[in-house]
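Have a look at this one before I ask anything.
We call the chains A, B, C and D, going by the order they appear; numbering starts again at 1 in every chain.
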Amino acid sequence: MSAAKKILNDPRNAAAEMLDGLVAAYDGEARKVGSGSIVMNGLLEGKPALLVGGGSGHEPIYHGLAGRNLADGAACGDIFAAPPPGVILDATRAVHRGKGVLYLYGNYAGDVMNFDMAAELAAEEGIEVRTVLIWDDISSAPPERKKDRRGVAGLLMIVKIAGAAAASVDTLDELERIATKARDQTRSLGVAMKAGSIPATGKPTFELPDDELEIGMGVHGEPGVERAKMMTADELVPKMLDRMFADDLPLGDGDEVVFFVNSFGATTMTELLVVNGTARKILAERGIRVHDSVLGPIVTCQEMAGFSLSFTKLDDELKRYWDMPCSSLGYSKM
Amino acid sequence: MSAAKKILNDPRNAAAEMLDGLVAAYDGEARKVGSGSIVMNGLLEGKPALLVGGGSGHEPIYHGLAGRNLADGAACGDIFAAPPPGVILDATRAVHRGKGVLYLYGNYAGDVMNFDMAAELAAEEGIEVRTVLIWDDISSAPPERKKDRRGVAGLLMIVKIAGAAAASVDTLDELERIATKARDQTRSLGVAMKAGSIPATGKPTFELPDDELEIGMGVHGEPGVERAKMMTADELVPKMLDRMFADDLPLGDGDEVVFFVNSFGATTMTELLVVNGTARKILAERGIRVHDSVLGPIVTCQEMAGFSLSFTKLDDELKRYWDMPCSSLGYSKM
Amino acid sequence: MGRQSLNTEEVRQMLMHVADGMIASESLLTDADRAIGDGDHGVGIERGFRAARERVAEDRFENLAGVFLAVGTALVGSMGGASGAVFGTFFRSGGKALGVATEWDSAGLAAFLEAGLDGVMQRGGAKPGDKTMIDALEPAAARARALSGEALDVALASSVEAAQEGKEKTRNMIATTGKARALGERSLGHPDPGALSMTLILRFMQDYVNA
Amino acid sequence: MGRQSLNTEEVRQMLMHVADGMIASESLLTDADRAIGDGDHGVGIERGFRAARERVAEDRFENLAGVFLAVGTALVGSMGGASGAVFGTFFRSGGKALGVATEWDSAGLAAFLEAGLDGVMQRGGAKPGDKTMIDALEPAAARARALSGEALDVALASSVEAAQEGKEKTRNMIATTGKARALGERSLGHPDPGALSMTLILRFMQDYVNA
């Protein structure tokens, strides 16, 4: 496989230049804080703050989910690397409006350690920080060991709902409760066909034979749970959904979900739509009602080919927050 | 180059299955009409209709721009092929509410012939049809021969503005006038690094040496105006903007634009953001103010690597329509 | 002694043969379009002629116009793209010119090709020299007119030659319409994919007539 | 007769040498992380040790703790990722244990490694056997404690051996933390990238001491 042809400047500087371009894309609605964060301007006073973040290279998330009725700010690390504590602390100070800060991010050892270090520093400054970890990837551990699961594409729904809640509620308790509920109601499963590469090395993050795919592969190309020969959408999607239905979130007749078909990068929207067609037939057979669909490359891994399926099971409260309009680089809703 | 690994069913059936998945993704807000069209439900009565369309394979456009305050419907052809007249006619009947229909689509021989044939059939049924052709690609002909230019990524702004107008104005005249103005104020230029492939053949639409790029390449991989060695964002973007500034749309101090950085597919959002950073510095130096930014893979060519820059110069009227909220698979705005 | 003419049923069979041949030429036509266009010409032609084949396989037709129109309508309705409109219009306009005739002779061939050419030129506005299928069709129509006193097989064979020569000349033309337009000078050296299709259509007609 | 100890300036120079060595190991570490993780370990280590090198190149330090803390703080502040927290914490916790000492001997080595190990385990919650850098660090610390009466060079050489053996044993472990966790059994056979880094850090210290 020949190396991806990327238009960048110094690849080692990609994350920093990405952030500058991101802030510019907000056209004055957001600003850069410290060396690695984006924070929205004009935040509502008297509200608990929502801070997200993680390694760069998965654009538009996480930093592209800073937005109106979305995250108040995002702390960005280098490509695939959690942000350092100092970056997170700067962002924490900038989003804080006296009501505490919720850290909402994916459950990776690096992120947990760095965000925890930042939380300790923030506490020393009298800023109350709570943490909700995102662990929606059912392939990364069995349901009993949910805390060992990775955070993947389902973060979109969790951050969307938490962002709407952050703009609506008055206490950190409430925000934490709602974000936790959204997290607990969300599941994802991915499949990969071809590796992406880190700009600085140009090397693919994994190797996969030309005629194979891998179910359960993570958004950094972490290995999955099943390798198989390439197959059609009608063969693959039921396999994936069966695994999801077998997880511990009961989903059946009359349940309502947000359904998200995410591309990891190179997989085309044409494919996502074909996959969606297959999936929707199966959901309909089970009586699962899709309240809203999202399709597109939102949680990506550079030029990796593959996609993931995610759903969040809604109750009235989650639905109300899901339905609120929002605006960001990564996801907007009228 | 090994063939792209795509998850589809019968590749020759990709366009049809894509459309079914697309309609499903609208969760009841839109329906399939005839064999190849998507039409929004609950259209406002008494308004002129906006119908877009074109070949499939560029998802999310065109059909993913059917939406609220966007296109009332879209007629889809097979991959890279204009829709047949019968498909367009079915969609025309479905969107028509007694005030006529505006056809708004890219200036390709195939689209023009098929839409014209449909317009003749519609006229026989007493439906008034007007046509505004999109020809924003500055690389495809000099300004004097604008009618020879292709329609590329700038269609996003033109359809967005026309869609907002269609929901607001009362006559086909007004809609045609506003769409024409948006079209006349829009310019685009692309660059490609690697070909996409048509699902049915799996063959790349063009060949490009591993270390070269081509400026001006079209969204079907049509050849461009300048081949060069791979270069950095800081080298490439000024080259592209210089060509755009040299075109016949005066752009300077105090002018306001919508600026759109579009990926053709495999080019990552990371790259788009780096490119945006470079571009915004140059725009700022010229005193051009970006009223709103759009970034992402919206006008794509399967897994083609490359991107395009587009802008629409705004006046008060265009800005008002641009700022209206909208909702669709391809582009939404709070 | 060659074939003087075909009756309606034979023309139907001929068009089935043309359809089979065009379907089998997908890859050839795709490659031609990859060189100077968007690489979908073969796929479109295949889709169209599958629909046409299905359409004329099931039916008996009253006259020549009926069967040519059926093919054209199937192409227009199924192909889309430039070539759906162009080749659909070619068969439809050409067919209409045959009125209620039920025997296709060399005069019928000339009438068919000339009316088809007119229809295509009206539809798309291209002229000879623009590097389109017109550059194969126009010399073929002229040759058929010149030989409209001869036997059908003679006139057709010569029209194929003219089309073939016309197609070859498109190598030296710069495309001014369709997806190949932007290629400008770089389209030089490559034949136009639609001109290749036009030539093949006539060649498969000839194969049937000679068989 | 080997080196008994290093003074603060020598430790600073040693850490410059470690930084150079780690920067040069980028590709090795990246490949190790590609095999079982997300392929960024080398890039992170390089970024961190460039920052650390810059930080200690400019400055003179009062005592050992100062220079180790400076390295650790530079790693935490620049690297991010699991290894930024882990290796930063290692240098910071280890450094703090040295109090105001200005001579680094084998007892200081043991104190440094033990306290570093404690800090890392508290920070990330991993234990020996989880296939992390702890599996190189823990045996190295134990060995240094056992040899804390010997000369620094002797104790360090033996600690490097212990780290190396520990790193090799990670091949037989299944990752339960970090990006490699999901690999499960497939992480078998590959050493842990962080354990490799830990071993290299000690190896470059040894190179300086022996030089």
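Definition applied: a contact is a pair of C-beta atoms (placed from the backbone, for glycine too) under 8 Å apart; a residue touches a chain by one contact, two chains touch by 3 or more.
What you see is a predicted model, and the numbers here were worked out from it, not measured in a lab.
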Rounded Å distance, chain B centre to chain C centre (Cα mean): 32
Centroid distance [mean C-alpha coordinates] between chain D and chain B, Å: 54
Geometric centre distance via CA averages, chain D-chain C, whole Å: 75
Two or more partner chains touched - positions in chain A: 79
Topology of the chain contact graph, where touching chains are joined (line, ring, star, complete, other): line
Inter-chain touch pairs (all): A-B, A-D, B-C
Footprint of chain B on chain C - complex, ascending: 27, 30-31, 34, 36-40, 42-44, 47, 76-86, 89, 123-124, 126, 176-184, 186
In the complex, chain B residues that touch chain A: 1-2, 4-9, 14, 17-22, 24-27, 56-57, 59-60, 64, 68-69, 79, 191, 193-194, 196, 199, 210, 213, 230-234, 236, 265-278, 280, 290-293, 295-297, 300, 302-303, 305, 307, 325-327, 329, 332-334
Residues of chain B defined as touching chain C within the complex: 12, 55, 77-87, 108-110, 112-114, 116-117, 139-141, 148, 150, 198, 200-201, 203-206, 216, 218, 220-224
